[in-house]
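Below is the structure I would like to discuss, written out as structure tokens.
First chain written, first letter: the chains are A, B, C and D, and each begins at residue 1.
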Amino acid sequence: MSEATPLVCLLHGPDQPGLVAKVSGWIFERGGNILHADQHRDLEAGVFFQRVEWTPAADTEFAAEEESFRKFAQELGMHATIGSPARRQRVALFVSKADHCFHDLILRWKAGEIPCELVAVVSNHEALRSASERYGLPFYHIPVTPEIKPAAEAAQLDLLSDLEVNLVILARYMQVLSDEFLTTFNGPVINIHHSFLPAFAGGRPYHQAHERGVKLIGATAHYATAVLDDGPIIQQDVARVTHRHGVADLIRHGRDLEKMVLARAVRWHLEHRVLVYGRKTVIFD
Amino acid sequence: MSEATPLVCLLHGPDQPGLVAKVSGWIFERGGNILHADQHRDLEAGVFFQRVEWTPAADTEFAAEEESFRKFAQELGMHATIGSPARRQRVALFVSKADHCFHDLILRWKAGEIPCELVAVVSNHEALRSASERYGLPFYHIPVTPEIKPAAEAAQLDLLSDLEVNLVILARYMQVLSDEFLTTFNGPVINIHHSFLPAFAGGRPYHQAHERGVKLIGATAHYATAVLDDGPIIQQDVARVTHRHGVADLIRHGRDLEKMVLARAVRWHLEHRVLVYGRKTVIFD
Amino acid sequence: MSEATPLVCLLHGPDQPGLVAKVSGWIFERGGNILHADQHRDLEAGVFFQRVEWTPAADTEFAAEEESFRKFAQELGMHATIGSPARRQRVALFVSKADHCFHDLILRWKAGEIPCELVAVVSNHEALRSASERYGLPFYHIPVTPEIKPAAEAAQLDLLSDLEVNLVILARYMQVLSDEFLTTFNGPVINIHHSFLPAFAGGRPYHQAHERGVKLIGATAHYATAVLDDGPIIQQDVARVTHRHGVADLIRHGRDLEKMVLARAVRWHLEHRVLVYGRKTVIFD
Amino acid sequence: MSEATPLVCLLHGPDQPGLVAKVSGWIFERGGNILHADQHRDLEAGVFFQRVEWTPAADTEFAAEEESFRKFAQELGMHATIGSPARRQRVALFVSKADHCFHDLILRWKAGEIPCELVAVVSNHEALRSASERYGLPFYHIPVTPEIKPAAEAAQLDLLSDLEVNLVILARYMQVLSDEFLTTFNGPVINIHHSFLPAFAGGRPYHQAHERGVKLIGATAHYATAVLDDGPIIQQDVARVTHRHGVADLIRHGRDLEKMVLARAVRWHLEHRVLVYGRKTVIFD
């Protein structure tokens, strides 16, 4: 008799009485053991959200349990996304020349903080090739210029498809992905924007912040969508600045914010703690 | 058919499989509707904690539902504390001369942020009598000196008993309550200590902090116990200070921390969000 | 021989070598004693900023010293604003129905945290009359509707002029002041906006923030200018929120931010720590 | 005519009228240009503190200007420490097996955030040899056990002397340095302690914090002195934790605090912004 693979499910759908009882009852009756369960209700919209993590009875096949639960959720009228800490997601890191988020994520990954398979570093520049290779990570240089962008994106999509990538992280990639790219990839893309969105969307946010004289700078991790800097926000944080800080100081302080915010968002995503709902996220932390 | 009074229960006891299913099943089968449920497991100690808030079926009597649930919890081997947002707790505010937490709590109470009956302001000084009366609150002056402390505490206990007080808040009361007082009152007493405990326990914490040259000052709200400044911590916060701050500046900045931290702790307590467990608290926020 | 009145000067103008030496030398040679001096250079713009606080030699007349210093500053090509902790500014508080900033500022003022003469509470509603009067503060009800706004503003301006008001604080006043008002008053007006500007300028910022799904809410104290929510920012702060917070929770949490941020800005202003420079502020804290 | 090397001086001594004027006058008269000047007075103790950064007249020799200023300061009765951004300090990093502060400091150093010469990584374990060498940094393995500690410290001191090290950073070194070591080295040693000192001094602070049930964990960077965890504090910060965090979570969250706090302290030290004064520090940031 062997220990079964644990499951994590993110559920949401129209609220109705007894949902907590039904879900926990279903798991309990089949001999499962709930490790964590957290739920939320949007009372205005009448929507129920749940994250539930459980170990099924010994010798249960993951695929069978997943399939059964999905059917059960469907009968409840709920949308379910199912994963497992035992099934590591395959991640591609898109970078440009800035290396702070790149090093930070990789070192956290090596320290076991970010549970995934890091299968590719993709860049439009050669700058981080040798650092990637020193970390033992495959590096793919796919140049991008306005003229060849469609071809470059096609090459990127081929690579993601070949490597069976589940998640793309834009770790200061500095390029806008086209609608076509997002639609074709059809998976989550996490971006880090170097401002407290919705303030200072678009280019050169630290210059904008300096110009406006704000007293706090921020960083925002969000899912990329077709509208620039407008996708569902996963995490944000800020740091205090003063009139003594020039743009270069904002950029330097901002790097720490960007690293922390992006790493937190990626970890939450990989642990199946983020449920996207319209233009917003529910975070089960 | 009338809307039933909602219940909030704080449960804890030895962990066992199926607890979430059993509790939610019990409520659902009786026609109740869970509004919120949150649980926690201490994996090392094997203890399960839950806060569950539900509306029973229409026409259910609060006392009957409370009694039934208590029996059910007992059968599960769990300890249960049951309250209701509809049954407001009776609170006594103990103050001395400092008035910042006093005004802050009363103004929040008037704004509806602190759901309770404020039945008494008790003080060892006359300083806040007129302010209390302007707020329409009964003020009780019970002088305390080392010689008459036992008699003073007896008078306080009589008052708390007469007024059927459920919660005492020490809003910068500046007197240590004796073991006998705490044992006889036998209810929760929330204190605000003006440091980041366990640093700077005891007297004159801002002077201690200034002397040590710390870069952050703090405040801690905790349940009072027989050991001074050692009870279970409910909430803490800190603020940044510099070498430019003298003791008077620390005191001034600290007032804001004390107000915020105490108000947050009191609100959580009154909403049945705080479960005391050994020397620690579980906060279902 | 009597102790002279201390002076605080805010200086700014084109940078040039020796400014610190010249200013401190001028004070020292006349027998003055510098209590605090802080300076800043905007290297890009070539502008020098200084706050200097000093006690002149005994028996020096404040007005004479002020006049001499102003001339000296002019010779250096600097713009100077001069005040004194001993000359308390006259402040009018503009309120509407929301009372949290109102109570907070007045209680801080009574506690000595906000050094000024509070000469009037002005409101377009009667709601805070009795509270004002209980605090011993004169209350002026000047109704404002779109039709009578010009007349209402004229009445406000007459009042400010009669009372020799130096500073207007909009403590959640909820009305936009016209250009004409600002031009005629010709003095500082501090407003508290309930968002992290420039995000969510305009109306109902907490609703906007909830809609966008941000993970932090903010408050911003700034000088009012002709362009709504666009004046120089004095202070900002944020608080963390989650998907569990509805708009009402954001409003409640926001009240604490608004109180803290406005009080800090007002204190800095009254202590002559804020130098407005273009669309930005230099804060000598 | 060549651009002169800028100087930074940290001054302190008995307060007296005219110090700001005298120091700035001395620099101005010799054709120097003050870039930054910041001062502080401890009014209780009657001590004056100043940090002043200036470029001397062209063609001035650094050593000559340093010598002249030192004499001038002596005549004022002030203690002066003089450095220059142009004269990079020589730093040794002491590490054990934990690598988060190690990577963080080195990556910041490579990014230009930490202006110094990193001349040695010293460790009692081989664990970080290959990582050090990949960064191009010389690694020295000096094993330490209770029996051979005196010999090990002698070897460390020889190395520091040979390499002309000005600053030792204990980046989670996990060994207590003896009094003899500190006395012989006779230079600054910056340590990072993984708690909010003075809370949880000594060993296993995260275990202590978990046991006590605090709601915030902290990290403290301080100068090492003969009394463990008692030296002058340079920087501190905290992060919020909940009952859901086990010791392993505190350790993980704590790593981010430790990195940020140590990096900030090291940068301030290397920029001559930290003036040690008794058991405290004055930070000119």
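For the reader, a short list of remarks on this structure follows.
As a working rule, contacts are C-beta pairs under 8 Å (C-beta built on N, C-alpha and C of every residue); 3 or more make two chains touch, one makes a residue touch a chain.
As the structure is a prediction and not an experimental result, all values here were calculated from the model.
Counting every residue number used by either copy at the chain A-chain B contact, over half are found in both chains.
More C-beta pairs in contact connect the chains of B-D than those of the other pair, out of C-D and B-D. Chain centres here are C-alpha means, and the one lying farthest from chain D is B. Chain D has its Cα centroid 42 Å from the Cα centroid of chain B. Spacing of chain C relative to chain D, judged by their CA centroids, is 38 angstrom.
Residues of chain D in contact with at least two other chains: none. Taken together, the chain A residues at the contact with chain C in this complex read 40, 43-44, 49, 196-200, 211-216, 218, 232-238, 242-244, 246, 279-283.
Within the complex formed with chain C, the residues of chain B that make contact are 99-100, 103, 107, 111, 113, 134, 252, 255-256, 260.
Put simply, chain D touches chain C in their complex at residues 17-18, 20-22, 24-25, 27-29, 33-39, 41.
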